[in-house]
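Common to both upcoming complexes is subunit A, partnered first by subunit B, then by subunit C.
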Partner chain A sequence: MSDIQTTNQSILVVGGGMSGITAALEAAEAGYDVVLVEKNPYLGGRVAQLHQYFPKLCPPNCGLEINFKRMRINPKIRFFTMAEVEKISGEEGDYDVGIKISPRYVNEKCTCCGKCTEVCEVELGNPFNFGMDKIKAAYLPHEFAFPMRYVMDPSIAGTEEGKKCHDACEYGAIDLDMSETHFDLKVGAIVWAAGWEPYDASKVEYYGFGEYKNVITNVMLERLASFNGPTEGKILRPSDGKTVKTVAFIQCAGSRDENHLPYCSGICCLASMKQATYIREQYPDCDVSIFFIDIRALDRLEDFYTKVQEDEKITFIKSKIANITEDEETGALMLEGENTNTGEQIRMNFDLVVLATGMVPNKINTAPSPNVSCDEYGFLTYDPEKAGIYGAGCVRRPTDVASSVQDATAAALKAIQSIARR
Partner chain B sequence: MGSYDPSFAKEVFENVDFGDEIKMCMQCGVCAASCPLSLQMDHSPRQIFTLIRAGKREEVLGSQAIMLCTSCYTCEVRCPRKIPVIDVMHGLANYALKHDFVPRKDTANFGGKFWDQIYRIGRIDEKDLSRRYFFAEGIIEGIKGLLGFSDIGLRLFLHKRIKPLPERKIKGIISLRKMLDKAEKMRGRGGASV
Partner chain C sequence: MDKNTAVYICTGCSIGDALDIEQLKENGTEDFTISYCKDHPFLCGSEGLDLLNKDIEAEGINTIIIAACSQRVNYDVFNFGPDKIVERVNLREQVAWSQPPKEEDTQMLAEDNLRMGCSKAKDTELPEPFQAEEAYSKDILVVGGGVAGMTAALDTAKAGYQAVIVEKEDRLGGFLAKMKKNVTLPYKELSDTGVEELINSVEEDSRIKVFTSSTVEKVSGAPGLFSVDITSNGDAANERVGAVIQATGWVPYDANKLEHLGYGQFKDVITNVEMEEMAAAGKIVRPSDGKEVKNALFIQCAGSRDSDHLPYCSSVCCLVSLKQATYLKEQNPEALSYVLYKDVRTVGQAEDFYRKAQEDGNVFIRGSVSAVGESGGMLYVEADDELLGEKVKIEELDLVVLAVGMVPRSRPEEVPRVKAPEDEKDADEDGMIEVEQDSGFFANSALNLEYRQGPELPTLQYGFPDSHYICFPYETRRTGIYAAGCVRKPMEIARAKDDATGAAMKAIQCTEATAIGMAVHPRAGDMSYPEFNMQRCTQCKRCTEECPFGAINEDEKANPLPNPTRCRRCSICMGSCPERIISFKNYSVSMIGNMLKAIHVPEEDEEKPRVIALVCENDAYPALDMAGIKRMTWSPYIRFIPVRCLGSINLIWVADALSRGIDGLLLMGCRHGDDYQCHFMKGSELANTRLDKVSETLDRLALESDRVQFVEIGITDYDKIPGIIGEFMEKIEEVGPNPYKGW
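Now for the complex of A and B:
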């Protein structure tokens, strides 16, 4: 990796999701050298996993494609997948950053012919679909993956299985000798856009996630609804693959809760309403109930809330559900709560329950941690005294894609200022 | 609808043990549906909290719910605002009794007899406690009450869960009473730290 020349006039962007891509592009198109590192074998992050955006209900892929094109034609951007930041030292205008690249075992000769997948017999839970289906251990991360290149799982790299894949490749694209590499970068500013993780829903014990098959999370439903998801876009129950007649959404599954995430995750209300429209589109007879504490549809997003409320088959019930029990035979789920508008006890049965889990920011995890400021929940804040490393997108606050893009543009400007000050 | 009167809410915030914790409630209702006794309660904890804010003094202090809490802690563990629901409910029950509300006579009666016995001998003697509890309402009620539980009593006796002889006082009964007296005094001063 000795060919990577950077100076203290370069900008490092950590994270290849929508925020990171935006920050990198904005800075590069302003004429600055940018290096982007991404942990996954593909760019696009969480956005690549979405079926539709709210409130326009359009597919995220077109926006991603436009950005990938901007990246391809811009020589100022260099990006690395399967790359993670190991250490950060120095200060504004003069950082030394250690990068680790995990082996992909597939080089640039890959044509995506798929021969390796054909011969490979080892299967893994598909991380792109949250383990809801299986993929071969030599695989393309997903249909629209950018860069369009296969990956081999390290578990088979040193085995007979790996050799079989190697021999099947006609282009010499599989390189079983690849190993972890490390290199150092010199940069003047860093944009931390590492994104977020869905809150671990199994921690909210009384919802039975992980125990009841038909209790899923909002990010999983997004994959179920996607045409390139595990069910090719059909929303089916995980327990028996059947269609659904009743679906419940449980809002604030972990968010706004002092025992879990004390903050509001900001997007889950709109996400659930959006997902309710997926279900209604596929199943005209399906009844959808959305259980909420408060609906937080800010600003013009309230129009979407009004539109969803007009659907007679979507009911909003003001209640934090306190318990879910499963009928072991049918897989049906009984929800208990108190309707806080009427005071009545709720005991309702559903085929599928979707937990609206919140966002946990991916913090800067290098040791020692560089000089940055965070709020009490781990979101990066901006402190002029600690300039040089800037958060962008969901590492700064739980937010939607449009706001992340704006935030990333702002972060790019701050990063440019850090360099220009030198 | 009458005008909004915050005086009862203020009374609770200032005088009831843990009363000011109610301010944290965001009315999600998770306490209500977590409660194993919610179906017996005339008002769920959430409703009690909102009735306090609405100034419904008689309805709150006369509510069975505040004396039905068995301290199972399910609501308290789940409360997203970490309200010590149990302490609040017990605080309200105590406050109600002090102000001549007796939402559940038998619960109050049992609590009183239980406390008396702890103070007297430093431990619980089930035979003596149930006798005192059942006969508090007179001889006829007492006999009826005892007969109602005779089956359980007999079986407890056969399984040696009830000793035939009366329980003796604990060794340090004088010291225990001193502690209890002091605790009572601290409570009188409004200290919730007892």
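Now for the complex of A and C:
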């Protein structure tokens, strides 16, 4: 790995989500040399965890499949999973980047036969499903994982359990001696597409996330709705696995709030409306309430809002919910607040509450910190005086998939310009 | 090339446990010329690969059949260089992992799969990339010299390429030049528009040629080879370019249609565009008497989000009104602005500017306008205030500003009419008919493409030539032509700039790919292209009509004139051709036809039906793999054949299969309709339409129509696969065996 050859004519893309994949592919398909690094054991990022996209209600894996295929056949792209950037030094056209690769404990001999999972008895919270179910400590991150290769959790690497997995593998694919490796790259430009984290919902204390089991976040609901999620796609209450009759979505849960995220996360309105369609598809009798401040469905996405409004079982209520309390016995949740339209006090019970939490950008945290500028919220800003490192996607502004892809395509050209200037 | 073919069977990952490998070697290859057939317990491991590489070298093997895991995995491992043909046979996901081991039916399935692989390898040739006789251009034409167009040209130039801008006004700048100030990242305060600097950078860049007071008269040719006729100040000019960016922008929604809001009736009711022009020119005053403006009211969504006008949201009007309220405040700190809105849509960091506007003391009223009137020379607005739940009347207004939305310049005022086909029943008395909304005819003149399928980019709803794909926002239905900025969807300046840069990336990429004969998205990297055996063409026009990308023109005798660099290699033309004259080096009607023939059809008394599933290789095929990974099981009587797109299915395959005794055919493809998922737009829809014609074939053969079925399946629908197959097999059982068995 340390012998990877790059030059100041190469582009480094950090982050293997939709933005990073796009930036890498667009540059590579124009003939440029690209290295992509991703910290997860698979590419695809957050979109791989989504059930469907709005407004088409189509599966993200479809586009990922095409992109992975583009990547497979393009020799101009090299990619590394479980890889993180440790340091960036230099300037436009001449960067030295330090990369750290965490041990996967599974090498290229893995055929995905699944024997290690079969014998492994240690279970851990499944990170792909936000811990809502368990996976074995030797596992395939998910069926669509690209690259298609298992991974072993470090917690069992040095244990008897790890040895058991090792012995079960007929192909010698489990390497318990793997350790962290480091290597340096020389590149001419960097696209920072490290994506976002959902805002920590437990910080919005009055909604009881983490305390009340049936208060979940929008990203969790995506997993509940997916066939490869913890419930095989059935949307069920986490507390008792029961079906739901009433579901509430609380918009701006932490967003547009100076105590939390002062900005608007841009996508949560449409995400909740989309998720309301998941629920309505599974439960013809379920009532869905969406508590909102403003519904922000830009451009032709307005059509999706119009369509969702046509469903009589989906109600939009302009209100900021002030408080949630749980009935300990039934797990039901009582929402309190004021209906800003009618002025009436709201006291409504729901089986499941979904918090539409916002996006927090993943910043460049390396020492020394490179010459880039950020706004007060940590979003990367574009400054022509500081060319060479370009943000793409949600590290620049909270935005949807299509806009992230546009942005990443633009970032690819900016990176090419940095090289062309040399 | 002279084939020297070898077969390698991997027995790892339970394949060896599920099958009798010796029998597979024997039966799976006996009908073909194979130099040898070997097996290995771990073919993708270093030992297996060593064996492969040594053999290839020693035996001069150039065609390698790998019977192992799915083609989706180990693609890099089983790559032996560009001069070798590799054919993958799926024995793992779709056999060993989804069928019971050591069963006769499992064995027969594996043998059929191997036979199909051998047959396909036999008919595959290495593609030779298309190379035009003329020299390729990598220059980029940008139509429109507004902020998006200028940015696209500038970013093209900065990357080292040449650009040509054609602007119809006598000066670059577009709407940006009409603006006083901009509000953009980081959305704290107003900023200069920067238009003069932008225009200067464009005009000073030696790599950018600017035509003002100019229009594009005609674009002919294809990516890499476009010839552009330009009329510039009355003179004719011609440019050769490799790709095109359409950044023709927008026009404001016609406020004359908003009489109910007082426009045209009261002089002091103006549009946001008029407001901006007035601000840019100097002072904002009352148009009626030139007096100062103290109280103003902004009516948001004036004609937007309104099914009688523009049903969509124009995205920018909220920020524009907040900006214009700031102008008033700057002009007179005592000024008061009311904003009457449905939702304030300041997404992302723009929320900061909304917060500032609230802190500035502007009054926001959520509701809808019920009347605009005048009393004593001052305007008033009546509204239903949603938050108060009552009617409110705001009086003593100096100015009412209508926040009108954006209409893409590509949208025609009226639906254009074209000459209808002879048997068209909806044609008017002059034999004319409205063009289809998503065709290249439904648009205003901008590019004037010399394309069989219309002169402009096909648009989506409301006339936006936007992409239909979330993952691929630069996908247009005309190869090498990309829309950017507000023509594709309403967007603010910061986004229009980013969009333009992205479009420049795609345009440059297209010229680079074209120059080496490579397809662009979604089959990026594909070096094959369709070849037409013109001697057998009957001028039926199906290929020219059905190509979703308008790649094929027609001469006056209706002969197809292919443009290989416009082609996206979906093979829909191949599926459309009743004479089967269109083929690719590595994909053809006879190739799949021969694969079908390679399947052994048991005699009727064996009671083993045979069903063929033709599956979309991008979505349905991976879904099958996923089902296998999940160890789901289904009938062993079905054989899967991946196809480039369901639209490439030629009906002869159906007829051939049925006449050989195949009991049924299942077509597994993408969702079609408004929210279609087919990456070639029309492929799955066309397959479905063509199926209607299958009934004729079935009637001719006196077979039941139930034998052929189309199912929509998405890539994540693998949970449904056992059910879909089970149902179809039941149906086939009900219908009974195909009487043509054994013929």
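Odds and ends about this structure:
Definition applied: the second predicted complex is superposed on the first by the 422 of 422 C-alpha atoms of A that agree within 3 Å, B and C clash if a C-alpha of one lies under 4 Å from a C-alpha of the other, contacts with A are read in each partner's own complex, and residues count from 1 in each chain.
As a working rule, contacts are C-beta pairs under 8 Å (C-beta built on N, C-alpha and C of every residue); 3 or more make two chains touch, one makes a residue touch a chain.
The structure displayed is predicted, hence computed values, not measured ones.
More residues of subunit A are in touch with C than with the other of subunit B and subunit C.
Of the two partner chains, subunit B is the only one touched by A:Tyr206; subunit C is not.
In the superposition on chain A, A:Gln345 contacts subunit B only, with no contact to subunit C. In the superposition on chain A, A:Glu232 contacts subunit C only, with no contact to subunit B.
Legend: residue contacts after superposition of the two complexes on their common chain; A:Glu336 is shown touching subunit B, with no touch to subunit C.
In the superposition on chain A, A:Phe183 contacts neither subunit B nor subunit C. In the superposed pair of complexes, A:Asp257 makes contact with subunit B only, with no contact to subunit C.
Applying the stated contact rule after C-alpha superposition, one finds that A:Met18 touches subunit C and leaves subunit B untouched. On subunit A, the surface patch touched by subunit B in one complex and by subunit C in the other comprises residues 256, 318, 340, 343.
The touching residues of subunit A, when paired with subunit C in their complex, are 18, 25-26, 29-31, 51, 53, 56-67, 69-70, 72-74, 109, 111-113, 143-144, 148, 170-172, 226-228, 232-233, 256, 262-266, 294-303, 306, 318, 340-343, 375-377, 379, 381-382, 397-403, 405-410, 412-414, 416-417, 420-421. Residues of subunit B touching subunit A in their complex: 26-34, 38-39, 44, 46-47, 77-82.
Of all residues in subunit C, only 12-14, 42, 44-46, 69, 72-73, 75-76, 155, 158-160, 185-186, 305, 311-315, 343-352, 355, 366, 386-387, 389, 460-462, 464, 466-467, 469-474, 489-491, 495, 498-506, 508-509, 512-513, 520-522, 524-525, 618-619, 622, 626, 629-630, 670-671, 675, 677, 679, 714-716, 718-719 touch subunit A in the complex they form. Across the interface of their complex, subunit B is touched by residues 206, 252, 256-260, 293, 318-323, 336-340, 343, 345-346 of subunit A.
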